[in-house]
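By letter and in written order, the chains are A, B and C; residue numbering begins at 1 in each of them.
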Amino acid sequence: MKSKPRGFHLITNEVTNQLSQLSKIRCGILHLFIQHTSASLTINENADPTVRSDLEAHFNKFAPENADYYQHTYEGSDDMPAHIKSSILGSSISIPITNGQLNLGTWQGIYLGEHRNHGGQRTIIATINGE
Amino acid sequence: MKSKPRGFHLITNEVTNQLSQLSKIRCGILHLFIQHTSASLTINENADPTVRSDLEAHFNKFAPENADYYQHTYEGSDDMPAHIKSSILGSSISIPITNGQLNLGTWQGIYLGEHRNHGGQRTIIATINGE
Amino acid sequence: MKSKPRGFHLITNEVTNQLSQLSKIRCGILHLFIQHTSASLTINENADPTVRSDLEAHFNKFAPENADYYQHTYEGSDDMPAHIKSSILGSSISIPITNGQLNLGTWQGIYLGEHRNHGGQRTIIATINGE
């Protein structure tokens, strides 16, 4: 997954374009797992980009930088909030596959949450189960 | 899933009553996926209903309506908080199946979080894996 | 899982030591499910222990004891916050298995979140899918 700026990013197409096997699955589950503790995967609205910027604003307020109770500060002020967001939002998502396609709702898309200022490339492991 | 008022709802029986295949699975996983970005699925206590109303009160405080940093406001004051709750709580749950039954703990039940004031009907996709 | 004090605990080795079958799986998923509504499973940094104590401090602030809106209070002041943390962090995690090993990132470990003061023993159900 290419390096992305801090914030939430809609990656549905970037993910499915790399999963040619999807089309062969009649019924199953796609599991996506991000191998990092300062980024996250979640599902949310695929339409209005202000949902993504509002999510970023919300989590910046409710997992703030420089909280007086942080001891883990030597990796930068964005690091501990990134760990918190990672556990709140989660490291993995699983999505049903039906007749060769992700069975997402009309308004659902896959989000990558990049919680560091300069997170660099991120690795996502995709596992397909089904037949 | 029938339309439900805003709040958390215990839906364990409503779900399992529709899954006659469960009884044939000796060992596996039930995956439930809600196809909406303003509702959620989670697991919590199946006994005292005040756990559900306290959860609702909590999330209403920590994902408030009318926050001054929201830009996504044109779908109503309950909409952006609903998107936030959906990502915090999650769109899917997976539960072990053992000897034909969900292997939940004694106090665990399946919750649907309805985060809109008038969310209408909600669709949940159930996928069973196992043998 | 042995009784643990309130807080976040790195349990990667305690889990994998009990899963001798892992080594036979070339490609699959490990699903872990905790059968309790006042404890949680999540993935976070496996190195600096202050990440775990900062997570505990954070969730104690953002899922506080004795909030004036709690009605579910008769099981102790740590009980309702524990239910909230359980739903925010989640009751299950799933991790890819590749060539007989958990395919975690370099810095990722499995955390058990013990959210009660005296939670006692906790049961985790492990389900392996794959071949």
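Here is the rule we go by: a residue touches a chain if its C-beta (ideal position, glycine included) is under 8 Å from a C-beta of that chain, and two chains touch if they have at least 3 such contacts.
Worth saying up front: this structure is predicted, and the values here are computed from it rather than measured.
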Item to complete: Provide the labels of all chains in contact with subunit A and in contact with subunit C.
Response: B
Worksheet item: In terms of residue numbering, is the interface formed by subunit A and subunit B classified as same (over half shared) or different (under half shared)?
Response: different
Worksheet item: Just how far, in Å, is the C-alpha centre of subunit B from the one of subunit A?
Response: 20
Worksheet, complete the sentence: Flagged in subunit A as touching 2+ other chains are 62, 88, 90, 94, 129
Discussion item. Which residues of subunit C touch subunit A once you look at their complex with the stated criterion?
Written reply: 27-29, 42-45, 48, 50-51, 53-55, 57-58, 61-62, 88-90, 93-96, 98, 103-108, 111, 129-130
Discussion item. Touching residues of subunit B toward subunit A in the complex: what are they?
Written reply: 31, 33-37, 62-63, 67, 69-72, 80, 83-84, 86-88, 90-92, 94, 123, 125, 127, 129
